[in-house]
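Two complexes are shown next, each including chain A; its partner changes from chain B in the first to chain C in the second.
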Partner chain A sequence: MSNEKCVLPMESYRLAQYSVQVPCYVCEGPNTFDAELCRHCQAPMALAHQANTQKVRPKMIAVVGSAGSGKTVYLGMLTDMLSRQEDGLQLLARGAFSITLQQNTVSALAHCRFPDKTPAEPDCWHWVHCQVRMPGRRQPVELIVPDMAGESVHAEIEHPHTYPVIRSFAEKCCGVIVLIDAARINDGDQDQDFFAMKLLSYLSELYGDNKKGREKRPLALMFTKADRCEECFDDPAGFAEKKAPGMWQHCRERFPNHRFFAAGVAGACATVAAFGEGDIVVPLRIEPRGIVEPFQWLLEQLKW
Partner chain B sequence: MLIEQAIFTSARTGRRDGYQLVAASPGVTEEDARELAHWGPTHDSLLPSAVAAGSVNFHALPSGAFCASKTTASGAEYSGRRGKRIYTQCLVVPPDVLARFANNPFRLLEAAAASSTLTVHREIPRVLKPFQLVGRSSAVDWELLQRLCGELGPGPLAALVGAAVAGTNVGVTGHPRPERYFAGLINLFPIECRTELSFSTGLRHSQQRPFRQIALPSEPFARRRVVSQAKLAVLNLSDPPHLPSSGWIGLVFRVLTRHQFAVFCEVLGEPRPGLRLADLDPLAEQLRNRFDTFVSPRAGDATCEEEVPIAAATDSPEVGTDAPAGPLERAHAPHRRFAKDRRQADPPIDDCRPSPPSAQLDLQSDRLLERFRALDSVVFDALSGKAEALGQLAQLWPQLIDELDAELVNESREEYLRYALDAWLARARTADARDPQRAIAALDVLSVLFKDR
Partner chain C sequence: MHNSKSILIRWLLISGVFAVAWLGLVVQNWGIVAIAAGGLVYVMARSKCTRAAAGVENKPPIPSETRPPAREKEPTSNDPGDLVRQMMRQGRYPLLLRKQIAANLEAHQVAQATDALEEDMALTPAGEVLLRPPHSGPEVGDSAENPTGRLVRVELVYLDRYPVTNREFYEFVAAGGYGEMALWEQEILPGLLDFVDRSGLPGPRFWRDGTYPEGQDDRPVVGINWYEASAYARWIGKRLPTDPEWVKAACWPVTVPGALPLQRKYPWGDSMDRSLANIWGSGPGQIVPVTQFTGGMSVGGVYGLIGNVWEWTATPFGTWHESQARFETAVPMRSIRGGAFDTYFDNQATCQFQSGESPVGRKHNIGFRCAVGACDLTPRQAASTSTQPEEAVAELAMASGQGSQRL
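Presenting the complex of A and B:
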């Protein structure tokens, strides 16, 4: 007969884990250890768990724009392109959830359609946590980039604190990429200019007038769908000054570290009448242009 | 008082693009408008099972009013992307108006739809008009409860009540048409408590919309994901948990099992200002005597299991799965010495009468009450297939309606229609097969009652 000890943990001990709160990486609100989403801002708690295992805290980059400006397509295409590069800028996703955005975008484009609209509810957004290697830098940088819905950004701008996740993220991010629909601006639609002005005002209020560091935050302003107006590719800054003077002026005054870019994904688009869904815009071919440059410039402005 | 309205959908307006409060009537306050925008469902918010039927939603607003809304997948997304546009028409209802409809959002929305105010606008106007909604509804929708009892049984309905009383957020699954059981759920609470029950019959779960009760996706993986993300308690109507025999849940279970609807309707119709969900269990104990003294047509076939509370999702994703089985009551067969007496004492099937119309109508005089009571017996005999009773009915009914005003005639017809349906359902549950002769008898009776319409 053997005298082996058997250690059986008490059932009540399993509840002890709930006494330790895990702060959300974005808003730092307390959550239980098994929470999937932050109960304050609905950011995924996987970001906090992953960050806790790393020596260097991940940096955050905000990609914002009005509804329909192309955030989902841009981020999906960017992550797909960088994840396939063998030299130069390289991206490696962390966590399976970080690949969902890339997968959805590439799959949609492969089926000759654009990805579906991003829901406004933060718990439906796709987040990318990735490691980026740059030539000339010894250490890679950890980045977190969410695909936020344009309506939510607009709602937060008009009524601050409506979406705590946007506010917290914008406060903590080290760089911002603002997407502006070049096709609409070229058609004379001033809403994009007004949206950009509101966004820049919101960001400058958020960052305050501290001259010591805040205004040096890099700001990349990217004209999307520039394949529909080629002059945008030739001189993005000139295009901004001519077509979106309000935004151009705001950048000059409040964000000295800014730069304009132009990008496009679909070489040409067509409109298809789908039964029960109305007219749907579909890409006829995929020709990514100017996708990596804004991101690369932003990273070059960062110090790590 | 006027009902304000607002529309939340996806559009390109001068203010912004995408999902927004596109239009509102002038009386919607700024605070309520922001709350409506916060709760507003956006792209792909409808469960796949609700895309065709839409979703009925109900929640409170900061101003003290309530939002009863209908969400549908209607029209194309303006931006040229795939997926239907999610269109939500919100009615901002003052408490007084909702109280006229017994605090039942379903009845309110039915009335709004009937008055053509609940429509999907092809061209959404910038400013909507508030409107007045006439009508009212009774405290309890008899027909609905009867049908749900027949479809689901008393157990799942009582379990749904228990989930609502428990106070945790609950995801409900196990029925293809969740809007029906949510509509039934409302009828099982006192009127004053109903405004605490926020629910959505077809929207996906989101922390932006903390409804107390929602329908879960039918797909198992999606359902598990929602439950784990949202820490919902799950109630499976096809496998309800064991129910306590005390408290409001126990009372509801008894009422549904013993068909004590008449007393239940009377009890729910009594005003109790300030009553909250937390007060229901003590109220149930106070009311128990009233239900005990009511002689139900069929008793003793309900069993209340050992009490098992509805667990939160942190304890177990499924509710009540660990509860031991074991009835507390079991009707034993009588000793053979008394079997004959028992057979004589048991009410025969034909005497299993539902609550008579004379008890439901608001009759001002005793003479009218006596005449309606006599009519009740004649109608019931005619429903049982007795030809002479049908002849008597054909003589009595025209004489009676000559003395009544139009409103009471319509109300009487409605009650006798309900009576005929109740009798049919009661008989259908006890018999192995449904007798077509009974159906014909019921049609004959209704033909007499509705003859001059």
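Presenting the complex of A and C:
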């Protein structure tokens, strides 16, 4: 038996780092310096690290809607379109993780498939941290936009505090884009109207402090899949008034700074029987319409 | 007369009110003054309301851009010469070259129609073309014996050099094409009343008052469905091209013995050149006149096949898909080809890519061009164009010059 002692370095600097808590950028909960995800809300800690290295703190924009309303496709297309534009609004992703959503969406759509469904678990969500250059403004703006799962948003609305990340993000965000499935509304499905009403009620409760003027934060209501009901493109507000009166009334009463938009990505869709997957809906061609307008309007409404 | 009378009455009313007001001042009774002032306001408001109701005030003048162009009066003469001239003006020369009709025309009339045909349409030689399913390119093991896709024989066909423009489609609308039942498919007759423009008149969806917006003469007509495109083609003496005809004109296959035809991915070559087609990010983000992006011309001299507007073809959508990947749609779709100004991906604006649309869909980015089979024209015309593909190609190359070099 040997009496040799094993000498281990103490690495005291590591202990020091652990003693300093890094707050999550979304929920402000304390985390260790090497945490990948916030242990409270599951938001990526990279957001906090990136924000700490910059002089300007990024603003947050929420893109919410029911499951299958097209949040992933919208965000993926938006980031891709803005990152390809030479003039007007331009977007530059910050961090490799911010490009994953764009990559997944674009590669799927290019092969006439929709991207995979976003999992309900927050640690699987894609977050986009980007720099947006606006025409007529010298300094670019920093934005954080997550791709939240529709099921999670629904669960949080029905049972508040189920998903702390959604609540924290919704509280802090400076503008909201609500996605509503126009095709389903046009087919007489009232669930979209009810979901939007619940969502607006949830947000208005969060923003209920009139002293801070939070109720004035801009709200863009976007009818997605409008290519399947062309009348929606002609007059989105009129479409809302006729087909989703509950939501329309909620907006008028509780969100003075709102506007309706219509958008579409697929020119046409079809159902195809895929081996092992059952019937899946596929886009027959990709021709984005009305994607940038809600985002641009929202940015114009914000005070920078 | 009516105006002067109403002005007189109004003056009398106003004078009366002022008189009452003066009286109020004289007797120093402010109540009467208030009544007089109220009366004056009432008279003025009433006058304004009446004018507004009559449409005299607050009605913006019709901007010149939306005014319909003056429609020419069609000749009512029974002279066959007039009829031929009218048909030539409307672009219906293929009808004149039909065997039954051409035999009764004078030589110079046939020559005139032939000239128009050769100017407006490009010849695609007979031969085979490979139609692949979407998103499949040449694969390992892809051979003449076992190709990915289907080899289809195409006969000698003329294809419009440009998509049908608003100006051309206007002739059809003005001639009452929407009311000629014989032009329309039997199954769509009940739906014909829905094919109206913004003002409710028969015509493409984005027109107004039976005509297209000013300045859009040379832009491809859009907002028309498959049935409208077919009816127009029938009226003008042509038809919609089939998928193989369209693809053959675009990718210009070269047959090599013992191998699959060598086909271009784009009319100009095998790689996307965004300066040659109006697709997303390369153009102004809207439909442009058919005479723009001429660099994207096919070998045979057909323009605008890729980008600007999708084009209806006569073939049902999904014809070339593998049997195990059949698409199911609410209504059987028709094939569209070529991509449009808002087509986002390069690989969806190729000669081979096929998309589909409901035959009653009247989209903002779908137009069409017409075709006519050489076999449908007068034998003299057909003979002059030669039934031998090689001769046709040589003749075409000599005519176009540029195309022959690319071969």
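The definition used in the following text is that the second predicted complex is superposed on the first by the 289 of 304 C-alpha atoms of A that agree within 3 Å, B and C clash if a C-alpha of one lies under 4 Å from a C-alpha of the other, contacts with A are read in each partner's own complex, and residues count from 1 in each chain.
The working rule: contacts are C-beta pairs under 8 Å (C-beta built on N, C-alpha and C of every residue); 3 or more make two chains touch, one makes a residue touch a chain.
All figures in this text were calculated on a predicted structure; none of them were measured in a lab.
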Exercise. So, A:155: does it touch chain B (first), chain C (second), both, or neither?
Worked result: first
For this session: Check whether A:290 is in contact with chain B, with chain C, with both or with neither, and answer first, second, both or neither.
Result: neither
For this session: Using the superposition on chain A described above, determine whether A:76 touches chain B (first), chain C (second), both, or neither.
Result: neither
Exercise. Now for A:271: first (chain B), second (chain C), both, or neither, which partner does it touch?
Worked result: both
For this session: Figure out whether A:146 sits in contact with chain B (first) or chain C (second), or with both, or with neither.
Result: neither
For this session: Would you check which partner chain A:110 touches, where first means chain B only, second means chain C only, and both and neither mean what they say?
Result: second
Problem set entry | Shared contact residues on chain A - chain B and chain C | 271, 279
Exercise. Which positions of chain A touch chain C when the two form their complex?
Worked result: 84-85, 109-112, 230, 267-268, 270-273, 275, 279, 282, 284-289
Seminar exercise, completed: In the complex, the residues of chain B that touch chain A are 10, 14, 16-20, 34, 37-38, 40, 42-45, 75-77, 79-84, 206-209, 228-229
Problem set entry | Residue ranges of chain A touching chain B (in the complex, touch as defined) | 36-37, 39, 42, 66-68, 113-124, 149-151, 154-155, 158-159, 162, 191, 195, 271, 274, 276-281
Exercise. What part of chain C is in contact with chain A in the complex they form?
Worked result: 134-135, 280-281, 310, 317, 324-329, 333, 339-340, 342-345, 347-348, 355-358, 361-363, 365
